[in-house]
Amino acid sequence: MNVNLRVWRQPSDTKKGHFEDYEAHNLNTNMSFLEMLDVVNEDLTLTGRQPIAFEHDCREGICGSCSLMIDGEPHGPEGKVATCQTYMRSFKEGDLITVEPFRSKAFPVIKDLIVDRSAFDRIIQSGGFVSVSTGSAPDANAVLVPKSSADMAMDAAVCIGCGACVAGCKNSSAMLFVSAKAAHLNSLPQGQPEKDVRVLNMVEQMDKEGFGNCSNTYVCEAVCPKGISVDFIAKLNRDYAIASVRTKILGR
Amino acid sequence: MNALTQVFTSSIGRKYIMGITGFALIGFVIIHMLGNLQIFIGQDTLNAYAKFLKTSPEVLWAFRLGLIAMVVLHLAAAVSLVRDNRKARGVDYKKEKKMSTLASRTMILSGIIVLAFVVFHILHFTVGAIGTAYNAHSLPLDSEGRYDVYSMVVSGFSNIWISGFYVLSVGLLCWHLSHGFSSMFQSLGFRNARSGPWLNKAAYGISFLIFLGMAAVPLAVLFRLVK
Amino acid sequence: MDLNGKTPAGPLSQKWDNYIRDSKLVAPSNKRKYEIIVVGTGLAGASAAASLAELGYKVKSFSYHDSPRRAHSVAAQGGINASKNYRNDGDSVHRLFYDTIKGGDFRARESNVYRLAQVSSNIIDQCAAQGVPFAREYGGLLDNRSFGGAQVSRTFYARGQTGQQLLLGAYQALSRQIGLGAVESFLRHEMLDLVIVNGHAKGIVTRNLVTGEITTHAADSVVLATGGYGNAWYLSTYGRLSNATAIWRAHKRGAYFANPCYTQIHPTCIPVSGDYQSKLTLMSESLRNDGRVWVPKNKEDTDKLPASIAEEDRDYYLERKYPSYGNLAPRDISSRSAKEVCDEGRGVGPGGLGVYLDFSDAINRLGREKIEERYGNLFDIYKEITGESAYDQPMRIYPAIHYTMGGLWVDYELMSNVPGLFVIGEANFSDHGANRLGASALMQGLADGYFVLPYTINTYLATTKEKRPVKTQDEFVTTEKQAKEQIDRLLAIKGTRTVNSFHKELGKIMWDYCGMERTKEGLEKALQLIPALREEFWKNVNVPGDEEELNQALEKAGRVADFLELGELICRDALERAESCGGHFRAEHQTDEGEALRDDDHFSFVSAWEYGNGAGPKIHKEPLVYEEVHMSQRSYK
C-alpha cells in the first residue's frame, strides 16, 4: 500500500511552520499509523532530511502521548482510539493524508507535530487531587464507596490526558478533561471535603491557561479515545454553581 | 475573586448567564406565542388580552426592563464568550472535519439576526415607526373602547415582505433554539446521558412548535384566514 | 568480597520494626535544608517525590516525559497485590511473602520481600484515600481477583487499568506538592549522567529535550526510579521510550548492576505481524482460562485456515505436556513451550511466530455472549491490532519481553553501593528474584516510594558527612563535559545506518540468544555479535539534526548506545549463571520433564556486576541467606 502525506513541519515554537508533502511506499495495512511514520522517518533520515517529530510512548492507547490531527480528526478516523491505535487499514491506496499538530493557543507547538500540553498538569496542580499525605490514610475498607460511585468515578478517571478534546473542540475548550478529573474525585467520598475548592481552583486555572469556553457542541466526546462523556461537563457546571454559592455567597 | 466578578469573568459563570437568560427568553417567547395565538379565537379575545397586559404601567415597565436585562446579559455574555473562543484556537487547521451540528456552530449568527428582528419588530408594532400606520399606543379603539391590536396585526402582516421577514426570522429563532434548548440544560448542569437524547428531541420539537405557533399569525393573515 | 545487604538483626517479622525503631531521623526544621533529586515519575518515582516533599525535603523531580502521568507504569493492566485478607481466605503477610519468594524461584533477598508483604496493606489504604477508584462490591467494600502464583484472592484492581489509576493517584499527590512549591518539576529533561563527589552520589547531568541545553543539578542525595530495561530486546511490552540510560550511566559511575539476565517473558502477547513492528501488546493472561492453546501437528498445515485443520491434526501441546495445569501452566513454562513448537516449524501466522489460542470450544459450551462478557474488551483490542475477530477464528499469540527483575543492586535501605544513590521500583533488583509474580511490580514500586524510601533515606542524610556540593565544583564540570562529548561524537558520525536499525538488530540478537531459552553456545555467540555491532554503531550510525533542538533521533541514539553495552552484560550474566531459575532458562540445566533446574549449591547468590571500564565487568556476590524459608523445587505438574 502507498499513501501520500501532507505534514506540518515547524522547527521550533518561535519559527514559522509550513506543510510538506511526502510519499510513503510499501506499507502494510496491519501497520499502525505511527509505524507508517517510523518508516517515513527512516527514509527521511537516510536521504539526509529531518525526520518528523511526533510524540508517542506506550503505543497501546494508555499513556496519552500520541497526539496527531489526522485528516481533520484528532487521533484519526477510527473513533474512540488514540493515534497509536489507528491502523493503515483505515486508509485507502493513494490517499492524501493531512497530518497536523493538535491546535490550541494553550498547546503551543514545540516542534513539527509535538505540542506543549503542560497546561493540563498545571490544572491538576491547582486542585486535581485529594490532600492526603502518605501514611495518614485509614483502612481502605473503613470508608465505604457505593459501587455506582466507584463506577462513575472510574468512567471519568480513565482519561489519558491526551488533549484530543481540546484539539477537536472548535473553541479549544478543556472542559472535558477538567470535568473528567473533577467528576472522578467529586464522585467519591474521599473527594468530598475538598470538592468546592477543587472545582473553583481547577476552573480558574483552566481559564488562565487560555482555553476557550464550552458551548456544548460535543465534539470532544466524539473524539475522546476513552469516550469520556459530556455528562461530566454538566456535572462540573453544576458543581461549580454549588461551590460558588456555598463559598462566595454563603461564605462556607 | 468575589462572586460577581467570578460570574462575569469565569468560563462557567458566563455559561450560567447564557443558560439562565436563555431560559427566561424562551419562557417569554412561549408566553408571547400563546398570547399571539389568541388572534385565532377572535378580535375580542386578543384585544382583551392586550388590554389586560397594559393594566398596570408599573408592572409592564418592570417586565420590559427585566426583558431588556435578559437580552443585554445574553448578548453581552454571548459576545464575550465568542470573542474568547475565537482567540483560543490560535492557528487554524488546514483540514478539519466538522463533527458538531451547524446550529451549534452558528449560534452567534442566528442570535444576532434574531436581535435585529426584535428591534425591527418593536419598531414595527410597539413604536409603530415602520410599516404600519398605527402603533400600539395610538391605535383606533375597537367597539368596546379598547386599543384594536387585532387590526394592527392584520394590517401589519398584509405586506408580504414584512410577513416573509417575520417567518424567516422566526425560523432563525427556532434554529437558535434547536441547539439552545437542550444546550441550556447542559450549561445549567441538568443534562446527562439518559436525558440528553430526549432533550435533543425536545429541542427540535419545541423549536418546531414555536416556529409553527409564531409563523401561523403572519401566514394566516397573508392567506387571509384571519381578516 | 561478598556484598552486604545490611539486613537488620532480629526475627524476620520484626526486622522492619527494628529498623524503624533504631533508625536516625532528620528533625523537621532541618529537612528543608536537604535537597533530593528523584529521577522518574512512574509509580516509584512519583510516590517517592510526593512523600519526601510531604516530609519537608526539597525535592527536584525529573522525567523525559512531557508529563509525570505518562511514565510506563500507566500501562499496567491487571492489578496490585496486598495481604489484606479481606476475603477471609487465609491470606497473611507471611503467605504473600512466601508466594513472592517462591514465585521468584528463591533468588530474592528474604528480608526485603518480607517487608514488601508487610507494607502492602498500607499501599491500598493510601491509594484508596487518594481517590483511586478500585473496583467495589455492591456493599461498597473493595473487590479482589486472583492472579497467577497464588491460591488466595489478594489482587486489587481498577478495571483493566490498575496501573493507570495508581499512577494517577501518585501523580496527583506529586502535583499537589508541585503546586505547593515543595517539588520542583523538570519535565522533558533526560538524565545523562550521575555526578559523584568523594564517592557519594551528589548530582546529575541532564539534557533539556526541548532546547538541548545540558546542565547539572546538585543535591544531598539522588534517587533513581527510572523503570526497567526490557527494550534492550527491541520488541517488548514496554513503552517505546523506556530505556536503561539512567541506571546504566550510574553503573558506569560505580553502581553495581545486579542479576541483569533475569527477564520475564509474558506468554500471551499479540504476535509480531511484520518487520515494521514497533512494539508488542500484552493480552491479559486471564484469556487462558477459556482458551485452548494449539498448533498444527504437521508443518504443512501451518498455512491452512485453522478451521480447516481436523481435530486429530491439532496439537494441544500444553494439555498434552502438563495434563493437570493444561492451558494454565505458569508464564515461563507456557512461553517456552510456545517457542519450542515454533522452533519445530509448527508456528502459525506471519513468520511462523505464533500459536493459536482457540475459544471455539468455550463459545460452543458457554455461548458467545458469555465470552463477550468475560473478554469483550480484549477481543476488541485484538481486532483493533490484527483486524481479525477472535470470535470467528482463533487468536494468535506469542510470548514477549515484559519485565526485568534485574537492576541496580541495592541494600535493605534501597541504597546502592554508591553512598547517597538510592534506586527504587523496577530500576532496582530487589524483590522479585528470578521471576516476578503478576500484580507485584506495582506493589513493589509503591512500597518503595511511599513506605520504604521515606524512612531509609533519613538514615543516610542524618549520618553522612558529605554535604551538598556546589555545581561549580570540578566533578560537575567534568561530568557535564563528558556528557556533551558523547553527544558531539554521536552527531559527528553521520554514517549510513539509522539508530533504529541498530536497535532492531541488537534486539534480534538478544531475543535469539538471550530470550526464552539460553545456551552456552548461544550466549557466547551473542557476546561476539554485540561488541561487533556496537563497534559498527559508533562508526556508522546516522544521527540527523543538531544538538540544540528537540532531536528525537539523538535521544534515541544515546539510549541505544547504552543498550549496546548493557546487552553484553546481560548475556555475560546469563552465561555466568549456569543454572536455570525462574525466567532464566538455560537449556543445559533442566529436569527430565523440561523444567528449570536450579543449582542452589553454586548459585544461591545475587550477581552484582561492577563496571569494568574496558577491563570487562567484575562480579560481586551477595549470598542469599534464608532464615525462615526452605528452598524447594518449584513444580507445576
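Order of writing sets the labels: A, B and C. Residues in every chain begin at 1.
Going forward, contacts are C-beta pairs under 8 Å (C-beta built on N, C-alpha and C of every residue); 3 or more make two chains touch, one makes a residue touch a chain.
Please read these numbers as outputs of a predicted model, since none were measured by experiment.
Q: Answer with line, ring, star, complete or other to describe the graph linking chains that touch.
A: line
Q: Counting C-beta pairs in contact, which chain pair ranks first?
A: Most contacting pair of chains: A-C.
Q: So, what's the distance in Å between the C-alpha centres of chain B and chain A?
A: The computed centroid separation for chain A versus chain B comes out at 37 Å.
Q: Rounded to the nearest whole Å, what is the centre-to-centre distance of chain A and chain C, using the mean of the C-alpha atoms as each centre?
A: Whole-Å distance between the two chain centres: 27.
Q: Taking each chain's centre as the mean position of its Cα atoms, how many Å separate chain B from chain C?
A: About 64 Å separates the centre of chain B from that of chain C.
Q: Specify, in ascending order, the residues of chain B that touch 2 or more different other chains.
A: Within chain B, no residue contacts more than one other chain.
Q: Show which residues of chain A lie in contact with chain B when the two form their complex.
A: Against chain B, the touching part of chain A is residues 6, 8, 19, 69, 71-73, 98, 100, 103-106, 108, 168, 170-173, 175, 203-204, 206-207, 210-219, 222-223, 229-231, 233-241, 244, 248-249.
Q: Under the definition above, what is the set of chain A residues touching chain C in their complex?
A: Against chain C, chain A makes touches at 11-12, 28-32, 34-35, 38-39, 42, 44-46, 48-51, 53, 55-60, 62-65, 78, 81, 85, 87, 89, 110-111, 114, 116-118, 120-121, 124-126, 128-141, 143-147, 150-151, 153-154, 157-158, 160-161, 184-185, 188, 190-191.
Q: Write out the stretch or stretches of chain B touching chain A in their complex.
A: Checking each residue of chain B against chain A gives 1-3, 6-7, 9-16, 81, 84-85, 87-97, 99-101, 104-105, 107, 179, 183, 185-193, 196.
Q: In their shared complex, at which residues does chain C touch chain A?
A: For chain C paired with chain A, touching residues are 47, 50-51, 54, 65-70, 72, 74-75, 84, 86, 122, 124-131, 133-142, 158-159, 161, 164-165, 168, 171-173, 175-176, 178-179, 185, 187, 210, 239-242, 273-274, 276-279, 281, 384-387, 450-451, 454, 496, 498, 500-501, 542, 544-545, 549-550, 552-553.
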